[in-house]
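One chain, chain A, links the two complexes that follow: it is found with chain B in the first and with chain C in the second.
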Partner chain A sequence: MTHDKNLQVRIFKNKMLYLLVCIFSGLTAIPLLAILGEVLIKGWRQLSWTFLTEATPNAYKAMMAMSAGEPVPGGIANGIIGTFLMLIMAAVIAIPVGIFCGICLSEYKGKWFATVVSYLTDLLQGTPSIIIGIITYIWVVVPMKGYSAIAGSVALFIMMLPLIIRSTEETMKILPETLKEAGLALGGSYWRVMLQVMLPSAFGSIFTGILLAISRVIGETAPLMFTALGGAAISWNINRPMAAVPLMIWEFFNDPNLQSLIWGASLFLLTFVLFLNLLAKRIQKKWKV
Partner chain B sequence: MESIKDPILQIKNVSIAYGSNKLAVKNVSADVERNTITAIMGPSGCGKSTLLRAVNRMHELYKSIHVTGEILLNGVNIMEMHPTEERRKVGMVFQRPNPFPTMNIYDNVLAGYKLNGIKLSKTEKDEIVEKTLRDVALWDEVKDSLTKRGTFLSGGQQQRLCIARSLALRPDILLMDEPTSALDPIATKYIEELIVELKKSVTIMIVTHNMSQAKRISDYSMFMYMGELIEYDNSHIMFTEPKDERTRAYLTGKMG
Partner chain C sequence: MQDKIFRTILILSAIIIPIIGGGIIYSLTEDASSAFEEFGFWNFIFSDDWNYTPGKESYGALPFITGTLLTTFLALIFCIPFSLPVALFVGEYFRGTKIATALSTVTDLLAGIPSIIYGLWGFYALRPIFMELEISPQGSGILTAAFVLAIMIVPYAASLSSEFIKMVPSELKEGAYAMGATRAEVIRRVVFPMAGSGVFSAYILAIGRALGETMTVTMLIGNTNQVPDSLTTTGNTMASIIANQFGEADGLKLSSLIAIGLILFLITAIINMIGKILIRRAQHV
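And then the complex of A and B:
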């Protein structure tokens, strides 16, 4: 009967371990849910159409509204426009550069320059964003003699680049070698095979990587402080300072009259990042090779 | 063996080395008769795939592989042709079916033209797709789903699609590297019947480690062992009265 007893103990151990796993995964979910809940509860009251279409109110208007017990007027339209303008400018350059660099790294793996570039990519990915901000300040803001949206997008470009390079490289590496051979065996030239067979096959994963890179840099604040600076009015001029949603959260925090806008802006950012992540998941599933 | 009368391919003293000194193919010479099926047999690692891949210059993709000797296609040294031109004339079918995953069935058949930058009119495209898919006996099964992805088909259908993809370019030679080893017996039977049918229009060289397959479909057989071409003969003779002791041992299952 010792045999049976052993079995009982093993079943019991198994159950305990399972319970433990459940408890710990539950514990990790708590802070995530708490953050979401906090932002949602405090932010949803701010959300309205005008919150998305109007620029930051001036401090006087906000103060008057607060003392009258009304919600603070105005919104974050200047920040939304700034964020998207700078993101688009950064992405338009970072996507082709990053994809080509990623292809080269996977194609020439083992060569000395690919190894060097690969290390540099890791280094860039690990560089604190505030350092990227200050570097961009020296490289772009100083020669241009002023803060600008261009400088902001350069900083975001540098932040996005290693993420896109990595995702492209990893995807190209897992594509079967026979796919490339099949293309070449049909008489395709190397670059035609890369562009018409390999890249489309990797497209789903690369696109997912791009979306995740965007969602990663959309909340970057530090590099924009040195470059885009911020602005209270809606602006489309990329040669001038420009607002961005994460920058505005910082500005609202520093102005006692505007503090109630923090949560609306946070909710906006969080929702957008969540949306990008869900989209990335869907695309990866749909385009799976 | 009886001499080859009308060789489409002449392999002369070909040796292939991986790295600096590991010879995978040792000084192989053989002529391949036009519009026949030539099987290359041998145990794993004997160099049969390596020899096959030299014919469409696949080894050039890898810096560490060196090919010496000459291969003549229709009397012309393949090294004197442009690699893309040469590979257009020598199609290849791989071990695992590998249709291009992002292309539909229609575009998979035409992939060779697209990758060579050859522009075709809509009617030309339709004609090529229908004719080629009929040639590989796939037309009736897929004619209503040409816009579906190639990967949506069954393994055997995918392999026939890959054969169609190569045939669409009207190659002189079709190289097949164990084309049925990933397929079930019924799909294998279809592919074998197809290969026999195809030799009317194209010369076929097929690598297989399945002796009975070689016996069923091939006109000529090569037996390779440790990188050497041990025996090359009419398949009928090879399977009934092999001359070399090693061939006999392999064919009777004493060596595998």
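And then the complex of A and C:
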């Protein structure tokens, strides 16, 4: 009899754990839904063509519109342009350098040099983004004597680099060694085998890594605060301060006159980031090495 | 010939990492040195004075170090009851099923949300709730910041720990089942002892992430430069003081902020290195 009771307790405990795991796992979805809901409901009303094609209004204009009971005019075009311009500048350098560095790490695996670089890549990847902001301020803003889009893209470059290196390295490591040997046996030179056999085979995973790296840095605010600084007008001059969407959200947050623009900008940023994430997942599934 | 050029390009692109890494340490140390010289290294760390009145300038990092450690610790406590079930859900109970994929997509998306949007959500949606519950008068503070921070690190802790839970050999689990163990007992006696070190390292890396989180904390912590005396008071972390004051700082204050940056960099670097070493060990078991 006591034996049976013991068994019942064990079965009860087992069921309880199952239930708790399911409940708390389900609870984890709530913040995602809450954030998506909040941003979508509040941001939806602001999204319009002019919101995407016009620059930020100045505080005075926004104040006048608010006191007249009209919606705040203008939009986030300056931020969209700035974000993409800085992102492209960063990516154009970070992608080739990161891929080459990743190839190097997998090719020289086990050598002291590769081990050191590999650890430093981890270190760089874990570095808080605000530190990247400070360091870019010291390296670029101070010598250039002013905030600029160049500085912003340098900060984004430093953030992207370790992410691309890691995904390239991981992918190259799991490619079969026989693939390389087959290429070399056919008389291909080393660099042609690496670039025309190995790299294309790894393309899907590396591309996923690049997309994730972009989605990671596109929402970064902290490294841009002391580098690109932000600006109210549409600007293409990379030697001058430039706006970016996450920076603008931060500005709107701090300026009571512009607060009604927050949610539209957030919706734009969130949609873009989550789209990139889902796209990366899709590609990863399809192109699995 | 071309092969040589190619190999040189590979090496050159790899050298950029030590240059950046070494450069960060060098530049931060150099620019922080005037603050350390003025106040002394230990004095700077253990002083709770943050006064920028000209002539009476005095800076200390203690309020921000304690703020950072407190928010990170609280976030870790809040995070465990959610990340551990998610890891078990994905890695053990529903391993390989569609619903597990759905849940890991949810956590991946949570990881993808930019920190400034977490901050906005915390400020406009969560803060009123904290005020309503009368947890703290302004709704913002260390507790609020830690709560949102916890949500942000759940995906990191959960996805990595589920990888280690998946790695537990099924022969071992089957052996335990054959002896009549329930699933809960298998998890306690087989899965956790086997995957424990890996799961532990996942939490170390999650701590590393929480330490340096900037925007969310800056928007929610209330930004006061004092050593926090309770969980609901406002405070500042190392990252948030930099975010708040770096822009208009110069001279000694700038140097002090960079010194705080250096301390933050070193703490996260050490935590991350410990985490990575533990992970490499756990993978080789």
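Throughout what follows, the second predicted complex is superposed on the first by the 267 of 289 C-alpha atoms of A that agree within 3 Å, B and C clash if a C-alpha of one lies under 4 Å from a C-alpha of the other, contacts with A are read in each partner's own complex, and residues count from 1 in each chain.
Everything that follows uses one rule, which is that a contact is a pair of C-beta atoms (placed from the backbone, for glycine too) under 8 Å apart; a residue touches a chain by one contact, two chains touch by 3 or more.
Source: prediction; values computed, not measured.
Superposition of the two complexes onto chain A shows chain B and chain C fitting side by side, with no clash. By the touch criterion stated above, A:179 is placed in contact with chain B alone, chain C being left untouched. Within the superposed three-chain model, A:9 lies out of touch with both chain B and chain C [touch as defined at top]. Using the contact criterion defined above for the overlaid structures, shared-chain residue A:139 touches chain C, although it does not reach chain B.
Contact with both chain B and chain C is seen for A:189 once the two complexes are overlaid on the shared chain. Of the two partner chains, neither chain B nor chain C is touched by A:59. Using CA centres, the angle subtended at chain A by chain B and chain C is 100 degrees, rounded to a multiple of 10. Legend: residue contacts after superposition of the two complexes on their common chain; A:165 is shown touching chain C, with no touch to chain B. Counting the residues of chain A that each partner touches, chain B and chain C differ, and the larger count belongs to C.
Legend: residue contacts after superposition of the two complexes on their common chain; A:200 is shown touching chain B, with no touch to chain C.
When the two structures are aligned on their common chain, the gap between the nearest CA atoms of chain B and chain C comes to 12 Å.
Of the residues of chain A, those at positions 189 touch chain B in one of the two structures and chain C in the other. By the touch criterion given at the top, residues 10-11, 13-14, 16-18, 20-25, 27-29, 31-32, 34-35, 38-39, 96-98, 100-101, 103-105, 107, 113-114, 116-117, 119-124, 126-131, 133-135, 137-139, 158, 161-162, 165, 189-191, 194-195, 215-216, 218-222, 225-226, 246, 249-250, 253, 262, 266, 269-270, 273-274, 276-278, 281 of chain A touch chain C in their complex. Those residues of chain C that touch chain A in the complex are listed here as 2-3, 5-7, 9-11, 13-14, 16-18, 20-21, 23-24, 27-28, 31, 81-82, 84-86, 88-89, 93, 103, 105-110, 112-121, 123-125, 151, 154, 158, 182-185, 187, 205, 208-209, 211-215, 219, 239, 242-243, 246-247, 257-258, 261, 264-265, 268-269, 271-273, 276.
Residues of chain A touching chain B in their complex: 176, 178-189, 192-193, 196-197, 200-201, 203, 289.
The part of chain B that touches chain A in the complex is made up of residues 56, 58, 61, 84-88, 91-92, 94-96, 98, 100-103, 111-112, 114-117, 151, 162, 165-166, 169.
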